[in-house]
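Each structure below appears as C-alpha cells.
The following pair of complexes shares a single chain, chain A, combined with chain B in the former and chain C in the latter.
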Partner chain A sequence: MQALTPNNAVKLDAKISPAAPAQSGASVQWAVVNDMQIATAFASAEVEQARKKVLGVTDVSCFPRYGFKGPQAAQWAADHELAIPSSPNSWTLSDQKSLVLRLGGSEFVLEDQMGGVACEKLSSISARVAGVYKVPRADAAFILSGSAVLNLFAELCSLDLRPSALLANDVIMTQVAGISAIVIRQTHNGEPVYRIWCDGTYGAYMWETLIEIAVELGGGAVGLASYQH
Partner chain B sequence: MKLLTCPMNGSRPLSEFIFGGEYRDAPDQKTCSDSEWAAYVHNRSGAPGDKKEWWYHSPSGTWFIAERNTLSDKVSRTYLLSANTNSTQEQAK
Partner chain C sequence: MSLRTTKQNGEWLDRTKKINFTFEGEAFTAFEGDTISSALWAAGQKVLGRSFKYHRARGVLSLANHDVNILVTDGIDTNMRADVVLVKDGMVLNAVNTIGGVKKDKNSYIDSISPLLPVGFYYKAFHTPRRFFPFWEKVIRKAAGLGIVNFDYPRILKRKLHTHCDVLVIGAGPTGLTAACVAAEAGLEVTIVDENQQAGGSLGYDRSGNVAMASQLTDLLAKVAGYSNITMITGAYAAGYYPDHLIPIVAANGITKVRAKTVIVASGAFEQPPVFRYNDLPGVMLGSAAQRLIYRYGVKPFNNGVVVTANDYGYRVALDLLAAGTKVVAVVDLRAEASPMAAEVTKRGVKVYPGHCVYEALASSDKSGVRGAIICAYDEQKNVAITAKKITLECDGIAMSAGWAPAGALLYQAGTAMQFDYAVQQFVPSRIPDGIFAAGKVNGIFELEQRINDAKRAANEALRYLGLSAPEVVTERHVGASPSHAYPMVPHDKGKNFVDFDEDIQIKDFVNAAKEGFDNIELMKRFTTVGMGPSQGKHSNMNAIRILAKIRNLPVEKIGTTTSRPFFHPTPIGHLGGRGFHSHRLTSLHQWHAEHGAVFTDIGAWKRAAYYPTVGQTKEDAIQTEAMAVRQTAGIIDGSSFGKIEVHGPDAAEFLERFFTGVYATQKVGSCRYVMLLDESGVIVDDGIASRLADDLFYLSVGTSNAAAVYREMQRSQQMWQLDLGLVNVTGAFGAINIAGPAAREILATLTDLDLSYESFPISSVRESIVAGVEARLIRVAFVSDVGYELHIPMVQVPQVWQALLDAGKKHGIRPFGSDTQRLLRLEMGHAMPGVDTDGLTNPFEIGAEWALKMSKSYFIGQRSLQILAKKPLRKRLVAFALAENFKGEMPMDCNLVLEGREILGRVTSIGYSKFIDRCIGLAFVTPAKTAIGAQFQIRTDNGSSVTATVVKTPFLKN
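Moving on, here comes the complex of A and B:
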C-alpha cells in the first residue's frame, strides 16, 4: 500500500476510482493506492469510526483484481497454488489475504485484500495455457459495514441477505439498486461487513445511491484509511 | 413480486431476467426442404399453451430454458439446456 500524492492533488498517470466522480468535496483526502487514485478519508477519524458502526460505505475499487475462466481454469488455479471454492457461487480466502470468488463452474475472480499479492503473481505469468482465458476486470468495489447495513439492502435489493439466508461463503449475483452486482458477506479485521462489486461504469451511480441511503440511516462515507490499519 | 427460478442461482425476482424468445428445434438445414426452412425462419406459433422459452439471468449471465404455459403464465420447470439434453433423449426412448 502506498500513499504518495498530497491532498486533493490529481496524479495524471494513475487510474482514478470509478466512484471518484461522485466523491468530490473539499474535505476528501486522496491518495494513490495500487496505481489508482482513491479517497482515503471523508471526515475526521472519529466521525468515520462513528459512521462505520452505524453504516459505513467505503470505496475499495483500488484492490487488485484478476479474472480468469475456461474449462481448465480450476486446474490452472490449483497448479499455481491458489485455493479455490469447491462449488459455484461461493468464495474462499487464499493465503488469508486474497479473496477467490467462484462465479460459475469455470469462472473465477481474485481480489487481493490488504497485503495480498496473488493478483500480481498471476498477472506476471505470461505463458498462455489452452482452456484458460484472462478476464479483464474493471469493477467498482465497496465495503459496507455497521449495524444498519441490512436496512440499506432492504431498500436496494430483493434478496434476503441476513446471515441466516446468505451463508458465510455464498456469492450472490443479483441486482442492487437496479444494476447487476456481486454481493458477499465477509469478516474484515474481525468485523462483519458486506462487499459489493458492480461494473465500473456504474461506480459513481452506485456510490451516490449507497451514500444517500447511508446518510438517511445515520451513517455515511468512510475512507479507505480506516481499513488500512 | 413475480419470481422465476434460475437453475444456477435459485429463486429470483422477474426483474433480474430477460426473455429470449421461444425455443424451437431447428430442422436439419442440409436435408430439409426450402419451405420447411422458410417456415422455421419466418413462422411463429402465437397460440397460447405450454412453450419452451429461452430466459436469461442477467446478473450472472446464465441462459436457460423455462417451460411456461403462456395462457396461465405458470412456469412448470426451468433447466440448463445441456443438462436437459440427456433427459429429453431418455423420455424419447
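Moving on, here comes the complex of A and C:
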C-alpha cells in the first residue's frame, strides 16, 4: 500500500473512489493511494477524532482487493501460501496484513490492509486454473467506528450485529440500506470497528446514507488519514 | 364543573405542571400527563366528537386508544386520537368530522333522517341511473373519510429500526410483567412492549376500590426495573406478526422491528359494550374507561352513575366509582343470578338490579349527555327486555361492563387456531405455532392470581422452547360465572342501539344484512362495514359475531371470526415510509455526465445519462442532435449499466445451451451470438450478447433493467443443474462504452493496436486488447449503428478511456449520447427491446424472433411452452410502422392503442420522430391480419384523435 500524499487538487487521470461523487466539498482533502483518489480528511483532526468516538465513517475503497472462487479455490489459495479461514463465512488475517474473507465455502475476497501485498502478488498470476475463477472486485469499502455504530446498523440492517451475535471472525453477507453488502467486525490499529463492503456502483449511495445517519447520531465523515497512523 | 378528583395513588399526572390549550376555540387547562380527552372531561366537556355517519354526539368510550369518534386535529396532524394523545401546552385543537364544531355540528340533522340511510343504501340507491352516479359519487366522497389531509405536512423523519431479543413480551399488564421477570431471571434478554404510556395494564386501574392494588403494581414494576436485561417500551404497539417472530413495534417516533427468538402474547382483552338504545351518548362509557379516568388521570367519570353489567367486573367498577366520589345510583345486572360481589356494593348503599337491563339511556335535552336510564327486566333466554315494568333512574353517566374480546390479532396472524371457550364466552388459543405463547386474558384466564400463574406457565414454556430447563406450571382454567356475557344485546323498537360506534351500526342493520343474504361474517362485515372503521372492530366484532350467530341460530364458533391482518392498528404512512431509502447505482462516469449537463433517468437501479441538452435546447432537439452525430460521424454512450456476467468452466457452453434459446456449443472463440432468455411459460425475459472468450469462458452482456434478475435465475438454474462451471457477476466491476457511427472505427483505431478492419474484426465478434492503455474487451455490435464497438473495461478506468475517445474523436465531432437517444437510434435500426417492446406475456413468436430459437435442441428454458404455443394461432405480432410523410398531427405515444372501430387490435410499444429519416417511426403490436407490409391501422392518440400508421420493413434506415 502506498503512503498518503495529501493534495487538495482532484487528479483527473487517477482512478477515483466509487464513493467520491457523494464526497464533494471544499474542505475535503484528497490523495492518491494505491492508484486511487481517496478522501483523506473531511475536517480537522480534532473534529474527526471526536466523530470517530461517536460514529466515524471512513472510505477505504482504495485498499487493494482480489477475489476468486470455484471448487478449487481453497486449494489454490493454499498453493499460494495464503492463510484462509477454515470455515465458511468467516475471516482471518494472512501475514497479519491481508484480510481474507471466506464468502460461503468456495469464494474468497482478499483485502490488503496498510502494508499488505497479497493482492498484488495474486494479481500477477495470469495462468488460469481449472476450478478457480477470478472475481474482479470493484467494491466501495468503509470503516465504521464509534459508540453509536450499532444504532446506525439498527436502521440499516435487519441482522443482529452486536458482538454477542456477530462473532469476532464472522463474515455476514446481508443487506445494508437495502443493498447487498458484506459486514465484519475488525480491530483496526487497535480500535474495534465494523467494516462494510458493497458493489462500488452503490458506493456513493452507501456513503450518503451512512453519513446522513452518522451526522444525526453525532458523528460524521472521517478521512483515511486518521487510520494512517 | 370540574370532575378532577384529589390526587390518586399511581396517577399519571404531574400536577405541578399546568398546561393551557384550546379546544374548538375554548380555553382549557390540564396537567402534564393528561390526554386530550381526560383534560376535557375533567373540565366538564362531555361532547368530544361526532360520530362518522349520523354525526351523533360522542364522549369517552374506552380511553384505550379506540375512541375513534374523538379524533381531533391540531392543524398539522389530523385524526389524533384524543383518548390517548397527551395534551401539550399551547395546543389548538378542533374535532374532525363536524361542520360548525362538536356542539353545533350542522350535520347532526343526519341523525334524524337515519331511517332513510340504512347500511348499504348507497350500494343500491345511487348506481343507477348511471348518468347520475358522478354526482352522487361527489356527495358520497365528501361524506366519507375522517379529517382533512394536510398537504403541507412537514417531512418528519420516522425511523425504522431493527432490534433483537430472546423474548418479546407483548403487553405490560400483570401477566406480561410477570412473564418478563421469569424470563429475565433465567438470564434472557427480554423486551416488553405496551401501547399505554405507562406499564401496569389493568393492575393500574382495576382496583375494586382497594388502594392496595396500587402497591402491588409498584412492587411488580420495581422488580422489573431491577432486571437490567429487560427493555421496557411503552407508548408503542405491537402492530403485527410476521414469520420468524418479526414484530413491528410502532411508536410515535417510528417503527422498531423486533426479531425475537420467542414471543409471549399477554395482550389482554378489549372490554365490550352491551348494546342498548342510546348506548353511545356522552357519559355512557365502558367500565374500564371509567376506571382509567379515575386512576390514571384523577378524573371522576360522572357524579351520579349507573353501572350496567353482565359480569362481576361491573361490581368492581362500581366500587372504584364509589372510591372516586361518584354516587352509584344502581348496578343493573343482566344476569338473573346474583353476583357474589353484589353484597359488597349493596353494603355500600348501592341498589342492585339482577336480571335487569338498561332498556335505554335517556339523553339530555340537547342530546349532549345522559340524564337518566330506563331499566327493566331482561329475559336471558330470549335476550329481550321485558318492558312491562320500567324503572327510570336519574343519572349523569352509565358505566358498561358486558365482557371481553381477546386482543388476539397477533396470535391470529401467527396462525394460531382458536376455539370458543364457553366457560369464558371467548375465543381462546387451541393450537399456537412454535415459539409463541399466550398468557392471561387473551388466553381466557381472568382471575389476577391465575393470570400471574399463567404468565409463569407461558414464560417457562418459552424457556424450555429455548432449550433451558424450567418447571411445568399448570394454570387452572376459569370456573364460575363467565367474565363475558353470551349475548349482551337489548333490542329496542326505536333502534339506536349501537353495535359499532365507528360506523354507527345498529342491531337492525345486521338483521337487514342477513335478510339481504349477507349472512356470512365476512360478507356481513363488508355489507354493514362493521369492524371496518378506525378501531377495526375491537369493540364491535365480537358482538357482531354473537348477533349473526343468533340470527342464524348457530353456535358462535360456527360463525367464526374475520381475518386478522397486519397492521393491528392504523399506522401513519410516514411511519411506513421511514427514511425512504432510494438505493441507486452510479457509473464511474457519473460526475462527468453531471458536469456536462446530462439529464439523468432511472433505469433499473441505475442513474443513466438520458441526453445532454445545451443551454436552451429542448429534450427533443438534444436527442435529435445526438442521434444525428451517431448517424453522420460518431457518438459514445456510457453503457456501464449493462448486465455483465462471466460463465467460466468446461460446462459453460452447455449452460448457455440450456439457459438461452440459441446454439452456443458450436460458437467459435472470438465470436458473439445473440442470447434470449425465456421463462418457463415461454415469455421473453431478456436478451443480450454472449461473447466467447475461450472454450471455457463466455462473457455475457444483457439489459440494464433485468441484469440482477437474470443473474439470480442463472444461479438458481445452476443449483438445479449442478454443471461444472462458475458464474461471476461483473456488472459493477466492468464498465462499458459504446462508440458508434461511421467514424467510430477511425477514432478507435487511434487508441489501440488491434486490427479493426472489417475482415479481421467483423460484426458479432469479440477481441481482447489494450485501448487507451487499458485492458479491454471489444465487441462489434450493431445495436444503434452498423458500425459500433462496445468496449468493456474495468469500471474505475472507464473515465480514462472515455476521455481518450472524446479527445481522439474531437476532429470528427464525436459527442456523447444518452439512453433516450439510444432508444431512438435502436428504433431506427428496428430492434425491439425486451421490457419496452415486450411485456410480461410476450413470447418470441409475437416479436418475430423465431430466428433466435433453436427448437431442435434437447432443452432450453421455455422450450416446452413454445412447442405448445407454436401450435396455436398468433394473437398479436410486433410490426414496424411509419406515419405519413410530413405528419403534423397529434403525435401518438408509447402505449397508445391500435384500434379498429371499438375493437382493440394492439398497442404502440415504441414511437419517435427520426430527424435522420425524417419520419415518425415506431413498433406496435397488431393482430396478424395487419402485419403485411403496406397494411394500415389506426392509432388513437391521447387527445382521442386517430392517426393512420403504415406497416413498413426494418431497419427503418434502409426504407
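One rule holds for everything that comes next: the second predicted complex is superposed on the first by the 221 of 229 C-alpha atoms of A that agree within 3 Å, B and C clash if a C-alpha of one lies under 4 Å from a C-alpha of the other, contacts with A are read in each partner's own complex, and residues count from 1 in each chain.
By our rule, a residue touches a chain if its C-beta (ideal position, glycine included) is under 8 Å from a C-beta of that chain, and two chains touch if they have at least 3 such contacts.
Everything numeric in this text was worked out from a predicted model, so none of it was measured.
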**OP:** Pick one for A:Glu46: touches chain B only (first), chain C only (second), both, or neither.
**Re:** neither
**OP:** Mind working out whether A:Ala181 is in touch with chain B, chain C, both or neither, as first, second, both or neither?
**Re:** first
Original post:
Which partner does A:Gly104 reach: the first (chain B), the second (chain C), both, or neither?
Top reply: first
**OP:** State whether A:Met173 touches chain B only (first), chain C only (second), both chains, or neither.
**Re:** first
Original post:
In the superposed arrangement, does A:Ser158 touch chain B (first), chain C (second), both or neither?
Top reply: both
Subject >> If touched residues of chain A are counted for chain B and for chain C, the larger one >> reply: C
**OP:** Could you look at A:Gly200 and tell me whether it touches chain B, chain C, both or neither (first, second, both, neither)?
**Re:** second
Subject >> Partner chain(s) touched by A:Pro88 [first = chain B, second = chain C, both, neither] >> reply: first
**OP:** Tell me which partner A:Thr209 touches in the superposition: chain B (first), chain C (second), both or neither.
**Re:** second
**OP:** Would you please give the residues of chain A that touch chain B in one complex and also touch chain C in the other complex?
**Re:** 158-159
Subject >> Complex contacts: residues of chain A adjacent to chain C >> reply: 12-13, 15-16, 18, 20-21, 36, 69-70, 128, 130-131, 133-138, 153-155, 157-160, 162, 165, 177-179, 199-205, 209, 212
Subject >> Residue ranges of chain C touching chain A (in the complex, touch as defined) >> reply: 159-164, 257, 259, 579, 581, 583-588, 590-591, 594, 606, 640, 646, 648-650, 694, 726, 728, 730-734, 794-797, 799-800, 803
Subject >> Contacting residues of chain A [partner chain B, same complex] >> reply: 88-89, 103-104, 158-159, 172-175, 180-182
**OP:** Over in the complex, which chain B residues touch chain A? Could you list them?
**Re:** 1, 8-9, 12-13, 15-16, 57-60, 62
